[in-house]
Every structure is written in structure tokens, then in C-alpha cells.
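Worksheet: the structure to be examined is printed underneath.
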Amino acid sequence: MPDDIKSPSSPPPEGEPKPTADKPAAPSGVKATASGSVQADVKTPPEKDKASPATAPVPPKPAAAAPATPQATKPAAAPAKPAAPAPTPWDSPMVAKLKAGYGSGVEPLTYAGQNYMIVDRSLIPEILQVLRNEDQFDYCVDITAVHYPQREKQFDVIWVLYSFARNERIRVKTQILDGESLPSSVPIWATANWLEREVYDMFGIKFDGHPDLKRILLPDGWKGYPLRKDYGILQQDNEWVQINLGIESGQ
Amino acid sequence: MTDANSSLSNLDLETPEKPFLDANELVINMGPQHPATHGVLRVILRLDGEKVLGLECVIGYLHRGVEKIGEHRTYTMFNPYVDRMDYVAAVSNGLGYCETVEKLLNVEAPPRAQHVRVILTELNRIASHQLWLGTHALDIGAITPLFYTFRDREEILKIYEKYCGARLTTHAFRIGGLQYETYAGFEKDVKNFLNFFRPKIDEYEELLTTNRIWLERTKNIGRISAADCIALGVTGPVLRASGVKWDLRKAQPYANYKNFDFDIPTGLNGDTYDRYLVRMAEMRQSVRIIEQAVDALPEGPIIAKVPKVMKPAAGEVYHSIEAPKGELGYFIVSDGSTQPYRVRVRPPSFVNLQALDVMCRGQLMADVIAVIGTLDIVLGEVDR
Amino acid sequence: MAPVATPFFFYLFAGIMLIGGIMVITRKNPVHSALALIVTLLAQASIYLMLYAPFVAGVQIILYAGGIMVLFLFVIMLVSIDRSMKDRQFNSQWIVGAIAAIALGGLFIAVYMKGMSIFPDHALSIVENDNTQNVATMLYGQYMFAFEIASLLLLVAIIGAVVMAKKRI
Amino acid sequence: MGQFIQYIESYLGSDQTPGGAGNMFWALVYIMLVFVGLSVAVIAMNWLERKILAHMQVRLGPMRVGPHGLLQPIADAIKLLLKEDIMPAEADGFIFWTAPFIVVLAAFTVFVVVPFGPTHAITDMNIGILFMLGVSSLSVLGIVMAGWASNSHYPLIGALRSSAQMVSYEVAMGLAVVSAILMTSLNPEGTGTLSMIGIVQAQLAQGEWFIFKFFPLGLIAFFIFAVAMVAETNRAPFDLAEAESELTAGFHTEYSGFRWSLFFLAEYSAMIAVSSIAVTLWLGGWLRPFPNLLSGATWDQVFSFFPGATFLFFAAMCFFNAARMPKHPLFRIQTIGLAGFGAALGLIGLALFIPVVRVRIQDIFWFAAKVACFMYLYIWYRGTFPRYRFDQLMRMGWKVLLPMGLGVLILTASVALLQQKIWHP
């Protein structure tokens, strides 16, 4: 799969229907080619600027209140109060395939033109692997979490994935209990290393198989996970502050 | 997939190489107070002589809990906070945040606002690249470019100052459009700047591009392959210099970038020199974009109709823009109240910094400085 | 140039040399030893100067004090000082050392006692002004062969060092 | 007492250096003069470097202390002397304290043999150039000691880099020097010299500066030396030992106040020292420009007006800038100061027109002017070049400069031999 990436000139399979519709290298283009390793050539923006191109035809089903395409050049003064837009089902060949494979464990949805799927915790390692290997989601944009203390499964963990080949961005979301751990996705995407560390740092969610799971932004000995909802905004690890900074309070 | 992973399999910190003549490994701590780490970055280097065996970044010295603050402020109140992350490209941060909230609110900024946003963000991209060039050259030992770039960056900051009164943390945009109408003579100022700035890029390049020492210090230094870049999630000029022609402005156009004609410069080798050339070319492209935007600046309202008290419907949105340093993403969860339930910032510097270890393996200690410089990190954004 | 206070300077430099030499073998810290050795070498260069051999003195400073000793220091600094500080300074072969010292001392005394007869008295010729030229004539004339052999030896040493240091050539 | 005065007077009119004539009194006077002159030069260099660098970098540089920052070096000196002298707790005390003195000693002792004129040197040794190279190579000892004694990683690495660099470049430098010394032997007697004065006199006798001798051999040797001397003094683009972006400040990271200023002093006087070697060996030392083309008493006369004219030019510049000062009461002192400085320069300039002074001073003037060109080059390099990496620096020293030096040496020897044997048998 990385073969597509290594050759920069090979255009992504989709999202680039007409490669050369405009003028080549304008005079203000790259001049500094003294040793010539930078070339500027011209790429047309895709004709259709949907957030999810061809593969993901957005179903304009409910109420048409949610404009499907974020970049739609509509008059700006559109009324900003649509009646509580709700996520709509998301349909695409990829999703159909996943659905066929995993059944009810996967719930693909679209909201504000953005596709995501809620995946059962047990399916997470497999789905991520499949997305990476078969569906070319080779770039893990972000891993993060959201805390819902009132829910039974307290945490949403979200992977934001992007595929260079399809020019498509999706989110994978799962719900886990407090204290439950997740398999690390470092073997799938190396970038997950720090991102998972940050999630661990901020939420206390453990990732099994992570090579070096420790705090990243907060000091090592810190107690508590600041981005949990039960952690107050002024709260801090007073003990740590007193020991390490020698002051009563950091605030 | 196997390919990418095999290239990564030799990235683990323990390189099993037998030491020669019982040479002791030297562990050196760089930072957090160090002139070349661009802030409070701490790097722990494992050296064999001057050769880097591996390194570990220790970050968080500038952690201010921006994401936590976001949960306790209304959508409007949080807007100025994002400027404090990547403080050299504050306008880009603001743009990303505003657009994300606009998506949640389902509004769109009017065309005039979009144009001005593009102008200001691209000016900001130039300013950010200028600051990068100056400090990067300074790290490699050329002092003079720093003063040249700061002299010219000043002109951009003057435009900001005239527009919104602030120079660095501008808070230039409002959710739904702009904070202020442009001042009289804004177009003229911008055009003057472009005419002033175009020859200046040549001036920078004259000092460095063909300078033999510069070539020796940057060519083949800190190489990173496209596959590694993607696996490590590296974006922005670093990714492009490795040969991947990917720019969010083209791939998933936001604001109204699709109306403008510009190129994506890419490199071939993914080394420090290519990253330098890519950024220099990007400045020229930014000049092109600004020129088109100023010429086609439409009249009209500058802010869409947004409610005074913003209560986006419950839902979540991830939106990202091409900040000067790479993909800057915001993931905002709304629960229908006036405050975001969760704000997640996907900082380009943070993710790019992860590649430092890969890029520095086997290089010399002096190159670590060059590579930190070429990654163009801002610690305010890394630590948030 | 007329010599000034020759005995004074001779004893001064000779004393410095001796003290330096003793320091070399008594200091526990190898860096201190090396520095003491440098002092000794510099004092020696001064003695050469007093012997109207300025060229040798200059070479002594450039090569020994400025070059070789710097490399010595270089190596010593890379070695863990702490470990060598803990090592015992004197090894157990002090009997051999004592015998050697006594023998050398006897030799010195013998030379001192009948020095006049061993070394015939030359007429003192001060060749300060074309000292360098004389050294050159000797080296590249009379002792050409020896000089070249020395340079060959050095070449061999260099090649040997490269072979030893490089894992793969 | 009378005897003493006689002793003093006996030197006047001598055509030898005080050292050569064995006159201790005048030797001491010369030592004092050289020491004071050097210190003034370093102070001036400090100001000039900041000013010139600033103007290269679209800044103004020091402007507050005195007119155009003229008093800035003095303010800096006072600041440095008043600063606390900090010694790291784990440092090796004795070595830490002596290191800066060794560096300064090495840098200043070199000037014993620098010929500012045919008789204007403290002494003339017949191993002059060897002495200079030898003593200046001792400064590396001080640097190594400083780096090691600080007991800190950055100074240690800085010191190691610095010593490796200096030892390596000394080789190339020595080869370049030898090829210049070879040129001194191209006289009827066939004997060369190592004496600094002798080298300049050889250039005078042969009617050309060695930089033009056997073109381009002399030029190449000079080029090698010019590169090596920048590396020798640890200046940009070879300032790895004190690369602030990598090693904070290199070997003197842990030093402060007075001791730090000693390193500073040593660095600048070492720069002047190596420039003096270059000037003596290749640029004709104290000889005025074009001694062969524009020879004759008239030209001598014309060139002897240069020193005074230069000072008058600087004085005029001071007056011009004083006139351009803002006419504001707050600037009055500065204007007066600048005008006063100009007046002083003008007076010196006028004094230099007095025939007696003129004849005596012009050698020193030309020597200083040539050295000043090198000093300007140093600043220029610093403003222009990025820094080399250590392995690149070593590669350049060993793989480029050393073979070049060897080649030039062999070629020079061959050409000299051919010239002696064939063209002028």
C-alpha cells in the first residue's frame, strides 16, 4: 500500500478527475531549483469539493435541514437554526462491506457531512486493522477521548482516520467502561504512540501493548486525569506541587 | 502495510549495536532551557561520540490545559485561547476553530469574510515561515537571515496591528465571519507588502540556497521517507518535502481556497534542504494566493447571522485546516449547551515532533539542532 | 644575545622540571598528571633554549606540548576519571622499580664523578643564529638515511593505527 | 643614574629590535606598548564587530552608551569586572582558575616576535615563526583545561571539538607556512629564515609579496592559511567549539565575569596574532603597497601621507555624523562627545604628518591596516556563513586543505629549485 505514497506523482485514484485543467508552473512558482529537488506542479482542486467524495454519497435524507456539504457555496445568511440536526445513516460500499462482515457491531453514521462509525469495543482491533490494510486509511490523524461520567460506558474513544488514496476522512468511535483498556494501535500506525500517551495522560485510559505508556504532558508522578469531567478546572495535584515546586499551590 | 511497518520496525529505541572498544554511551540532556530547542523542549540524546543513537522528547513544560479550559468557556470566549497555542500562526488557529464551530452551528461565513480570512491566514503563513527560516538558519549558524526575516515579518505584523490592534495573538476572526471590517487602505497595504516582499524571498535565497555550507548542513540531513511520514502522521511542509503532494487546501478545501490558483510545491528527498525549499516555495505560493484574493475581494457583509448566545445542536465535528506547520484539526463535541462539551485540538507540531527520533537516528548531534529547526515546532502548540 | 643570569634560570627550569616530573607520577587524577607533564616539557624547552638550540625548543613546544599532549589529554578526558581515581596508584613491582632506580642513580653518580674523562671537552660554539639552517643541513645531508627511516617508521605506525581503528577498510 | 640614561639612549638610533640589541629597558617599553595597543585593539574590535555586524544585519548595534555606542566596550568591561565570579561546585578548582590565564598568556606571548616594522618588534628570534605557531598552539591547552575542569557536558564537548579542530588545522597551517618559508630562501646565498623580520625583508629583497610569488602557488598557500587561521581561532564558520545553538557557549559555558572576559580577550588577540602571521608571511608585513611598481622617493613620500590622511578621514566622518545628530538638548552631550572624538582623531592625524613621526609610524600603520582587513574579513564571515558541522570541518581540514598544502609545498619547492638551477644557475 505505501507504494502509492512513495511515488509522489502518481495521483490518488479518486478525487482528482481532471488533473491538468489549468496553466502549468506560473512564473511565481518555485524558482529555487538550484539543486533542483523541489518541483512545483499544478494540481487542480477536485471538481466536487465534497468532504467525502465519490465513495461516500451523502444521503440527503432527513429534512434537508443539514446541508450535506460543508463547503457548499450557499448564501451565507442561511438561517442558522436548523431544527436539531441528527446523525443520519452512512452508506457506502466500504461501509456495506464492513456491515456485512461485522453486522450490528458497526453503526455507520453521518453528521454535518462527516462520516463516522460507532464500533463495538470487541471489534476495535480488527476494524482498525481492516481499515488500515484493506481500506487504505493509512494516516491516523488523531486519537482522542470524551468522558461522559453519567453513562455506564464512561468513555468515548475516537480515532480520526484519513486515507490519502481516497481523500476521505472518517472517525471510528467506541465506548468503553472506566478502567477498561484498549489494544494499542501503535503497530498499525506509529503515530498512535504519542496520541495514545496523551489520551492516557488526560483520561487514564490504558492501551495494551503500547511500547512506552507513560504520561506525556503532565509530570510523571502526577495524580489524576485532568480531562475527565470530575476533575475540576482549578484542581491540581497539590502534593506533587508541594514536593516538586516547593510552593503551596500552583494557582 | 508490511512495507511501512518494516521500515518502522527498526525504530525502537534499543538499537542492538555492540559498542566498539567499550566506548561509553554518552547521554546528554538538551533543554528544556536551551537556545536551539525553540522553547521549552527537552530532548534526551543518547550519543556515541557525536553520533545520535536515539533520543527521547520530554514535553509538557508549557502545558496550560487549553482543552480543559475550552470545556469551561463558551464558544465565543474560547476563541482567543486558541491564538495562544501556535502563537506565531495565531490567525490560522483562529480560522480552524471558527470554521469548526461554524460547522457545528451550520452557518457559513460570507464571501467577503472568506476572502479576508484567506488573506490574513496566508499572510500568517508567510510570517510563520519567515520566523522558521530565521531561527532555523540561526540554529545552523547563519545569524543574518534572522534579522532579514524579522525586518520583513514586521510589515505583516503592522498590517495585523492596523486591522485588529494586536500583532501576534490577533483574535482576528469571529465565529461566523470577521471581527472587524477591514480598515481603509487594507488592500493597498497588502499589495504594497506583496510588492515589497517578493524580492525579499530572493534575498533570503541568495544568502542560503546555493551557499555551500548551507548545502552541506542541510542536504541528506534528517531524511524521512514518505511512508514513514504517513505512518508517523507527519503533515505539512515536512510531508510535502518527502514527496507527498498533499495539502488540505487542495485536498479538502476549506474557507474558499478552491477559488484560488496555486501550486503545491513538493520535494523529492525529504531532507532538510528540501523542506527549506518547500517552505520557500510556499511563501511564493502564498504571495500568489494573497494577490488573487486581494484582487477579487468582494463587497458584502463580513459576518453571517449567528445567534448571540451560541448553542449548537448536540453533535460532534472534526474539522482541520492546513496550518503553516501541518494539519491543524479541531474536534468539538457539543452537548447543546453554550459551552463545548469537549474540545480536542490536533496540533501539527505535536504529531510532527514525534518524527524527530526517526529523523535524527544516525545523524550527528549538530544535526539534531538542524532537524528540530526544520520540523518547525512551536512548543505552545505541542504542549497546549 | 648575551645570556642573563644563566645559573638562576637553569636551576629554576631544572627545578620546575623535577617538580613536574614528580607530580606526573604522584597525582591520582590522570588529567593532573598530564598537565604536570606539560609543565615538565615546557621547562625542558626552556633548557633547550639555554643550550642555544632554539629550533629544538620550538619543535618541542609545537609537537609535544601543543600537539601530542593535547591528544593525550583528549584521550584521558574520554576515559572515566572516577574509575581510574579508585585504582591503586602503585603496583606491587616496587622491588624492580627500586633496583632500577638505584642502578640509574649509580650511573648518574659515576658520570658525575668522572664526567670530564667520559665526555671530551669541546670548544663551545654558539650556533644560535643559524641553528635552524644547521639542523636542516645535518638532517637532509649527513643523516638523510636515518631521517628517511624515521619517516618510514612513522608511516608504518600510521597505517597500523588506521588498520586497528577501522573496523572495515 | 647617568649610566642608566646612557643605557636608555644607547638604543636610540639602533637598527635592531630592543631584544636584538639586548636593551632590557626598551624591551619593557615595547612590551608595554604592545600590551596596551593590543588591549585597545581588542576593545576597538569589540565595538567594530558589533557595529559592522549590526549594519550587515539591518540593525544599528549599540547606540546608547556614548555617541554611536563608542563607550559600549568600556561599559561592557566594567560590567564584566563587576560580575560575580561563579565556579561550578563540582569543578576542578585549580585547573578551572588557571585555564583562562593560560589562554591569555598564549595569545599575548605570541606578540613578542610580531614585527610591526623593521625595528618595531619586541625581539626578533631566528625561530620567530616557529615560536608563534608553537606558543599559539599552547592556547588549546587552556581550552581543553577549561572544558574539562568545568565538569559539565557542554564545555567538555566544546573543548574536545576545539582541541581536535585546532590540532588538525595546525597541520595544514604549518604546511602553508613552510611553503612561504621556502620562498625566503630564494636569495643568492640560498639560505632561508624563520625570523619574522627576515621573512619580510626577504619579500622586500625579492621585490614582491609572497602572495604573488610563483603565481598562483603563493596565493593558494595564502588561501590555505587564511582558511586554517579562521579554524584555528574558532571563529565563524568554524566556531563549532562555541556553537551557541548546540553547545550553549562551548568550553567557556561555565565561566562568568572576569574569567569569561579573559577568554574573550584571548580570542580576539589570537585573531590579531594569526592575522599578523598571514600579513607577515604573504602580505609583506610592514611594507607599503606596491613597493616594486611605484618605487622611488616621491612615491615613498606620497605613501607616507596615508596614515595621517586615514585618521583625518575618520575625523571627518565623526564630524559629519556629529553634524547629523538630532538638534535636541538630550543629544548635546553625544554630539559634543562625537565631535570631541573626531577632534582627537584629527589631532592624531595631523601629528602623523610631522616628518619625524611620519617616517617612524608608517610601517606600523601599514601593518595595522593589513591586519585590520583580516579583522574585517572575520566579521564578514560571521555575518554571512552558516556553521560547518564537525565532521565536515574535519573532512575539510584533512582531506582538502592538507593535500592542497602538501601539493603547494612540493610545487613551490620544485619551482624554486628549477628557478635556482635552470633560470638563474
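Think of it as A, B, C and D in the order they're written, each chain with its own count starting at 1.
Following the convention adopted for this analysis, a contact is a pair of C-beta atoms (placed from the backbone, for glycine too) under 8 Å apart; a residue touches a chain by one contact, two chains touch by 3 or more.
Just so it is clear, the model here is predicted, and its values are computed rather than measured.
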Query raised in the report: Based on Cα centres, what is the most central chain?
Result: B
**Report entry** Per Cα centroids, the chain farthest from subunit C
**Finding:** A
Report task. Return the distance between the CA-based centres of subunit B and subunit C, expressed in whole Å. Result -> 61
Requested in this report: Please work out the Cα centroid separation of subunit B and subunit D, and write it as a whole number of Å.
Outcome: 46
Query - Chain centre separation in whole Å, for subunit B relative to subunit A (CA means) - result: 19
Query raised in the report: So what's the Cα centroid distance for subunit A and subunit D, whole Å?
Result: 62
Query raised in the report: Which residues of subunit A touch subunit B in the complex?
Result: 1-3, 5-9, 15, 22-23, 25-26, 28-35, 37-43, 45-46, 49, 51, 66-67, 70-74, 76-82, 84-85, 87, 111-114, 132-133, 138-142, 144, 146-147, 158, 160, 164, 167, 169, 171, 187, 189-191, 193-195, 198, 202, 211, 215-219, 226-227, 229, 231, 233
Query raised in the report: In the complex of these two chains, what residues of subunit D are touching subunit C?
Result: 19-20, 22, 92, 95, 125-127, 130-131, 133-135, 137-138, 140-141, 144-145, 148, 156, 159-160, 163-164, 166-167, 170, 191-192, 194
Query raised in the report: Can you name the residues of subunit B that touch subunit D in the complex?
Result: 26, 28-29, 34-36, 50, 137-144, 146-148, 151, 207-208, 211, 213-214, 216-217, 364-367, 369
Query raised in the report: Which residues of subunit D touch subunit B in their complex?
Result: 53, 56-59, 153, 157, 236-237, 239-240, 243-246, 248, 382-392
Report summary line: Given the complex, residues on subunit C that touch subunit D span 1-2, 29, 31-32, 35, 38, 54-55, 57-59, 61-62, 65-67, 69-71, 73-74, 77-78, 128-133
